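In the two assemblies presented below, subunit A is common to both, partnered first by subunit B and then by subunit C.
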Partner chain A sequence: MTGHVVPVSIGRKPPPRPPRQDAFGENIFVIDQSRCIGCNACVQACEECGTHRGHSMIHLDEVDRAASTQTAPMVCMHCEDPTCAEVCPTDAIKQNEDGVVQSSLKPRCIGCSNCVLACPFGVPKYVSEFDQMMKCDMCYDRSSVGLKPMCASVCPSEALWFGTPEEFAATRQGTLVNEWWFGNQYVATKVHTVADAPGSIDVTAGDGERPWQDDPFGLNEMASGE
Partner chain B sequence: MPLTEQELVARYGPHLNQEPPGGWNAGVEADREVKTHCCFCGQQCGIKLKVKDDEVVGFEPWYEFPFNQGKLCPKGVKRYLQNAHPDRLLDPLERDPGSVDGFRTVSWDHALDRTVNEIRRIQQAHGQDSFAMLSGVSLNNEKSYMIGKFARLALGTANLDYNGRLCMVSAGVANKKALGIDRASNPWSDIPLAEVVFVIGANIAECAPITTSWIWRARDNGAKLIFADPRVTPAARTADLFLGLRPGTDSALLGAMLHVLIERDWLDHDFIDNHTTGFEAAAEAVKDHTPRWAEGVTGVPAGRIEQAAEWWGTSKTGMLLHARGLEHHTKGVENVWACINLGLATGKYGKPGCGVTTITGQGNGQGGREHGHKCEQLPGNRDITNPEHRAYVASVWGCEVDEIPGKGLTAQEIVEAIHRGEIKGLLSICFNPVVSLPDTRFTKEALDKLEFYAIIDFFLPETGFHADIVLPGSLHEEDEGTSTSLEGRVIKLNPSKSPPGNARLDWEILCDLARRLGKGKYFPYSSSREMFDELRVASKGGSADYYGITWERIEQELGVFWPCPEEGHPGIRRLYEGGLFYTEDGRGRFNPVRYRPPAEVVDTDYPVWLTTGRVVSQYLSGTQTRRIGPLVAQYPEPLCEIHPNLAGRHGIETGDQVRVTSRRGSMTLPARVVSTIRPDTIFIPYHWAGNRAANQLTNRALDPLSKIPEFKVSAVRLERVGPPGSAVIDEREMDLVEPKEEP
Partner chain C sequence: MARIDRRAATWGILAVAVALGIALFGSGNLRWFDAALVGYLFGTLFAIFGVVYRYLIWLRRPPTARLHRRAWSAFLKPGARARNAAAVPGLVVNKLLLQSFIWGRSRARWLAHQLIFWGCVLAALVTFPLTFGLLHFESVGQNGRQYRTFIGGLGTMTFDSRSFVGWVNFHLLDISAVLVLAGVFIFLSRRLRDPGALAVERSNDFLALAGLFAVSVTGLALTASNLWMGGRFYVFLNTVHALTVILGLMYIPFGKLFHIFQRPAHLGAAYYKREGADGAQQMCSRCGEPFASQLQMGDLKQVLPQVGFDYDLEGGGGSYQDNCPKCRRLMVAFAQGRAVGGFG
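For the complex of A and B:
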C-alpha cells in the first residue's frame, strides 16, 4: 500500500459562508402534496434550523388516516401582500425586501392571534411558551446566505422542493400555481404548489386516473365477479 | 439477575435524548463538519455531522453526495442525538446479583480476562463449537471482515453468524444461485430510466425513504408504477396499479404474472435463448398458475394481475424492486427466484433502466454480507466449504487451512442449539436477539440457559438482561472505515469523535481478546485501514472483489462500485451488461417456482393473518432510535393496524386496546383502524422490546435454503380488551395551543 495520508475529515474547517443575498434569488419554493410520504423529515429538520432552535414551523397533516396514507405538508406561502401583516394591530410581522414574511417581532407581538385567524392558508401559530406568533421564515438564516431551506433540503420525495423554474420544468411534471382566490380576496404567493393541469386543485392524489384507490383490495371488483 | 427487566430499563434505558448538547439555546457553533454517512438503513445517505470539541452537536445536509443529494429521513436528521447520550455505556460491566444496578463496573483487564477464561473453560469442556458468536450488519466492512477472522482463528468456532440472516439473506442466496453474484443489479440512477417500476414487498416510503425520490423521477419521466403489498403504504398510495396481496402469497402472484407473459408471448426469446437456462422447467411450474387461480390464493383481482403482466411484459425497460415483505418467508428464496424469472423472461437485465434487485435494509447490509461473518462464508463472498477458497484465505491470513473451521449454524439455528444445550457460551456484537428474533419467549429461554454470555455494545440493549459481561464498544461516528450501500457502492465513514469514558473501538476490543486467547499474531492491526487493505487482498478473485478499491479512491470518486478487481478499474455500476451473468456458464438461471403455502396458515382458532414491519422513525430493534426523543415522539409505541371490516366484527375502534394472540404468545396494544390494510390481515411494527415486542407472536419457521425466519406471516386471534389506555401525546404539539374562538 502507498503511504498516503488518508484525507479524513477531522480537522477540516467548514467553508466560509457566502455573503448575504436575496433569500429566493433565482429559485422558487414548490410544495407538491401528492408526493408527500408523511415521513416527518421536514418536521424534524425544521427545528434543527439555526434560528428555529427546537421549534418546528412546518405543518404536516394526515388528511384522513382512517381512509388513506395521504399527508399534506405546508410551509408559509409568503404572500406578496401578506394578510397576516395587514391584520396585525402592532405591526409586528415584517416582510423582507426579498419577499420573505417573518415570524412576529417578539417586542411588538401581543399574542392576539389576529394573524392566526386571518391567514387564508392557516399557517401562523400562536406559541404560548414564547407568547408570540411563530411561523415558517423560509429558514432565513440559510436561504439568505444561499443555502436551501431545511425542509426542502431533506425531503425524501421532493414534495418540498427549492430550485429554479427552469430546473422544475426540465425535471418535473405538473403546472405551477401561485395565485389564489379566497372568496373575493386575491392572493399571490412566493411559494408555489403543483396542479396536474391549469384550473382548480385537488391536493390529494385521487385524481381519477387510479381507479384502484376507491377499492384498494378489489373487494367490490371480485364480489361482482368481473 | 436480581432486577426485573423493567428495573433494568429504568437504570440503563432507553432514556430519551431530546436536545443537542447544552440545549437548543446554548449557541454552540460547530468547529468542523465531517462528511460521512447515515448509520440507519442500507441507503447509507451522505450526511455532514457538525462537531464541537470531540462531540457531535448537529448535522448539515451533504448536497454533493450523489445518492441522496442532501435528502434525509427523520432518522438521519436526528441521528446526532445518539451522541452525548445519558445511556451510553462508559465502563465494562459484570453481572452482580448483589448490586442494586444488576451489574458492577469492572476494569477492562477483569472483563476481558473473565471472558477469555469462560471461552476456554467452555470450549475445553464441550468442544470448540460450543462457544458461538453473533454479529451485526450495521458494522462497517472492516469490522465485518475482522469478526469473520476473529471467530474462526481466535475463538476457533464454526458457529459465527450475523443478523443479516434476519434481513435479506434469502435474496442473497437466490441471487447467487440464479445469477452468480449477490449484489444490487443496478445503481439507483437506473430507476428513472425505467418505463415500469414494479415494487413488491417493500414499504419504500418508511424503510428506504430516499428511494422514493428515485421512483418519482421515473414517474416524472412517464413511468408506470406497480406496487404489491398487503397495505397501501405511503408510496403505494401513488401507484398506477396496486396489487393488495395476502401475506405469504407472493410466489402465486409472480407465478401468475409469468404464466400470463408466456400465454401472451410477452417474452424476450432472444434473451432467453442466448443468455439463460432452465426456462422450460420454470414455465412448466406455472402452467396452472392462471390469474383466476391466483386471484383465489392472493386475493388480488385477476384483471389486475393481467394488467401488471402486460405492463411488465410489453415495456422496453423496467425495474423490479423487492425487500423484506417478499424475503421474510419460509419460501424467501423461491419468492426472489420468481422475481428473477420475470426479469430473465423479458430480458430486463444488464441494460439502462432494466434490473431486478433487492432493496437492502440494514446499514451495511450489502458490504456486511460479503466478507465473512456469515456461517458459510469467507471474505470476497467465498464459500467456506470450497477447498480452493479456504486455501486462498488461509494464505492471506497466514494460517493453516485446517485452522479455519467448517460451515457453522445460522443465527436462528445457533439460538436453537443454545436452547438444546449444545452451545454453552456466546459473544454477540451489534445484535439484539430478544427484540429481533422471532418467538421472543423461546429466545429468552435459550439465553437463560447459557453458561456465559458477553456482549459488545454502546448502549445496553434489552438482550443485556441475559449478559454476564458487557463490553462498552463504539458508535458508528467514532470509528473510521467503509460500508457498502444498497447500490453496491463502497463508501467512506469518517470519524467525528472518540469513544467516551472507557468505551473502546469495537475492533480494538476484539484484537485485545484475540491476544489474550493467544492468537494475537493474526490480529496485529493498529488501524482499521490496515484491516481494509487486508480485506482487499482477501476478497481478490472472489465474487465480491474489492481489490481495486482504496480509501483515497472512495473519497475522491464519492464511492466506488464493486466488483473492482484492479486499482485502475472503474468499478462495475450496472451488472450483467451484454447478458453476461456471473454463473459458471455465464447464463442466468431460471428456477422453477410453484406456489406453496406459508409455514402457518389461518384456521378457526387463529383466523387472522399477522404481518410485521417497520415505521419510518425507528430502526430495527430500536437500540439507538428508541433513545432519540424526537423519533420516539413521532411514533411512540406499536399500533395494530386493522381494517374497519375486521375491526367492526370485534367492536374495535381506533385507540382501543386489543389483544393479539398467536401460538407463541400474546400482546396488548392500541388499535389503529384504517382501510389501508387488507381486511383479513393485521400489521404490527417490530421495533419494541418486552411486552411491546411484535416478535412475541411471530413464527420460528425458517426458509430451507437461506434460513431466514418467516417474520411476515403468522396466524393470530384478535380481541378487544377495552377503551384507550393512557393517551399517546406527541410532545412536539403540546406548545401549539389552538387559539380561542372569537365570541
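For the complex of A and C:
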C-alpha cells in the first residue's frame, strides 16, 4: 500500500524517481480469475495508463455466456522466458532487468502477429490501426516506482492485486503459484496466481471439466459426501 | 568473447570492397575524390561492414529466417507476381516513406519522425555521393559565379552560385539539419515530459536523438562560422563535426538506428499475411473458430522448437498452440479455477 500518494499517470509530471532494478521491491502482482465479478473497472482503468494511454491492454472474457455470468481477466504474466520475445522476427520484445516483458519496440515491430499466436496465455494484442503489437507492461510507469498497476488499483474483488507476499498472507487465503504447464512446456511467470496448494498448475490436464457450471453451489459434492 | 561469424564477416568485407570500388571508379580513379572527406569515408565503410554483419546475423534467427524465406516465396509465387509487383509502390510509399502506421499512434510522433526521416534522406543523398567522390562541382570557364554539377564525369546542371538554386544547392545540408533538429526537439519534448515514455525509456532512445542533435548542430555551426563569424573556429568546428558524424556512422549498426534496415521487413510481413489470408485458416481445436492462417501456425510450430519451446500435448494429442488466444486465456482461467476449487 502506498498510503495517501495520489498516482499521476497522465500529464506532464515526471515520475518521482526513475525505474531501477529493485523498483518493485517486494511487491508482486497476483491474478485470481476465480474472484472476478466482471465489473469492467480494470478494462477502463487500463486505458488510463501512461505507457499505453487510450488503449486497454487487459483482457476480460466471458467464460461461457450461455451457461454462466462468470468472467475472467487476463494480464500479461511476464514469463521468465517469454515465448513472445523468442518468436519475434524483429527482436522487438524486450524484458527489463526486473523481469517485466515490455510491449513491442515501436521502431522494430512489423505487426506479423507471431507473438499474438505464440503466447500461451493469449495476451498480446495486434492493433491494426498501428499495424503493431501492444500488450500489458504492468503499467511500468507506475509499478516501476512502487505504485499499483491501474487494474489492481481499481479491482473491487481483488482478482487483480499488487502488494507484498506478507500483505497477501495477512489478508488472503490460498497459496501463491507462478509455475505452469502447457502440454510439455513448463513456464514460470513473474505474475502469480492463487491455488489451494503449492505446486504448478497444469493448464491442459483437466480442460473440459467445469465443475462450477455443472454444480455451481457444490450440491452434488455435498450429496456424494465429499 | 563472442566468436566472429566468418560468413557474415566475409559478406561484410565484400560489401566494403564493393563500396571502395564504387568510390574508386565513380571518382575517376580518385581524381574527384575529396581528400578532406576521407574520415567520413572510413566511417561509412565501418558502418557498411557493421550493418551487413548484423543484418546477416539477424536474418539467421529462426523466426526471422522463416519470415524472410516465406515473404520472398509469397512475393515470387507463380500467378501472383504481377499483383505483388503492382502492390510494391503503394507499400513502399505507405509503410516506408510516409510511415502512415505512426500517424494512428500520434500525429506529433509522425511529424517528428517524418522530419527526421526526410532530413536524413536529404543529407544522405548529398553526403554519400560527395564522400565517395561521385558528386563534385566545377566552375564554368572563368566565371567564378557559375558552377556545374558533375555526377561521376558527367556534367549536369549549371547554376549561378548567387541565385536561389545556388543558395539551395549550397545549403542542402543546412536544410536537412533544420528538419532533423525540428524532429529531434519534438521527440525530446515527449521523451522528457511524458511519464509513460520516460518509464519505458531505453538508453538507446536518447543516444540516437543526442547523435542526430550533435551532427545537426555542429553542421549548422560550420555555416554560422562561415556567414557570421568570418570563418573563426572553422577548423575546430570542422573537426568536431567530422568526429560526431563519424561516431554517428559507427553507431548505426549497433543502436536504435539499425531499425532503418529492419523496416523493409514490414513489407515482407504484409505479403506473408496476405499469402496466409488467401490460404486455409487454422481452426481452434477448442471453439472451432478460425483464428490464424494455417501457414503462419505451421511456421510457428516449426520455429518454437528451434527457439527452445515444446507446446505439444502429451500422448500425441496435438499442440497447445492449436487453441486460439481467447481459448488459451479461458483454459488458464479454468485451470486456476480448478486449483482453487471452482469459481466464485
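Things worth noting here:
Basically, the second predicted complex is superposed on the first by the 174 of 226 C-alpha atoms of A that agree within 3 Å, B and C clash if a C-alpha of one lies under 4 Å from a C-alpha of the other, contacts with A are read in each partner's own complex, and residues count from 1 in each chain.
One rule holds in what follows: a residue touches a chain if its C-beta (ideal position, glycine included) is under 8 Å from a C-beta of that chain, and two chains touch if they have at least 3 such contacts.
As the structure is a prediction and not an experimental result, all values here were calculated from the model.
In the superposition on chain A, contact is made by A:Ala195 with subunit C only, not with subunit B.
By the touch criterion stated above, A:Ala169 is placed in contact with neither subunit B nor subunit C. Between subunit B and subunit C, the partner in contact with more residues of subunit A is C.
By the touch criterion stated above, A:Gln185 is placed in contact with subunit C alone, subunit B being left untouched.
By the touch criterion stated above, A:Thr51 is placed in contact with subunit C alone, subunit B being left untouched. In the superposition on chain A, A:Ser153 makes contact with subunit B only, while subunit C stays out of contact range. In the superposition on chain A, A:Gly38 makes contact with subunit B only, not with subunit C. By the touch criterion defined above, A:Ala72 lies against subunit C but remains apart from subunit B after alignment on the C-alpha atoms of chain A.
Applying the stated touch rule to the two superposed structures, the overlap between the subunit B and subunit C interfaces on subunit A comprises residues 8-14, 34, 53, 68, 70, 113, 116-117, 129, 205, 209-210, 212, 216, 218.
The touching residues of subunit C, counted against subunit A in their complex, run 58, 61, 63-64, 66-68, 95, 101-102, 104-105, 192-200, 202, 256, 259, 262-263, 265-266, 268-269, 272-273, 286, 291-292, 296-297, 300, 303-304, 307-314, 317, 319-321, 324-344.
Subunit B makes touch with subunit A in their complex at residues 19, 24-25, 30-36, 58-59, 61, 63, 70-74, 76-78, 205-206, 209-210, 212-213, 216-217, 219-220, 232-242, 244, 295, 299-301, 303-304, 480, 494-496, 529, 533, 550-552, 555, 616-617, 630-631, 634, 644, 654, 672-676, 678-679, 732, 735-737, 739-740, 742. Residue ranges of subunit A in contact with subunit C, taken from their complex: 8-15, 18-19, 31-34, 49-53, 59, 61, 63, 68, 70, 72, 74, 81, 83, 86-91, 94, 102-103, 106-108, 110-114, 116-123, 129-132, 137, 140-142, 144, 174, 177, 180, 182-185, 193-197, 201-207, 209-212, 216, 218.
Contacts from subunit A toward subunit B in the complex involve residues 1, 4, 6-14, 34-41, 43-45, 47-48, 53-56, 65-71, 113, 116-117, 125-129, 148, 150, 153-158, 171-173, 205, 209-210, 212-213, 216-219, 221-222, 226.
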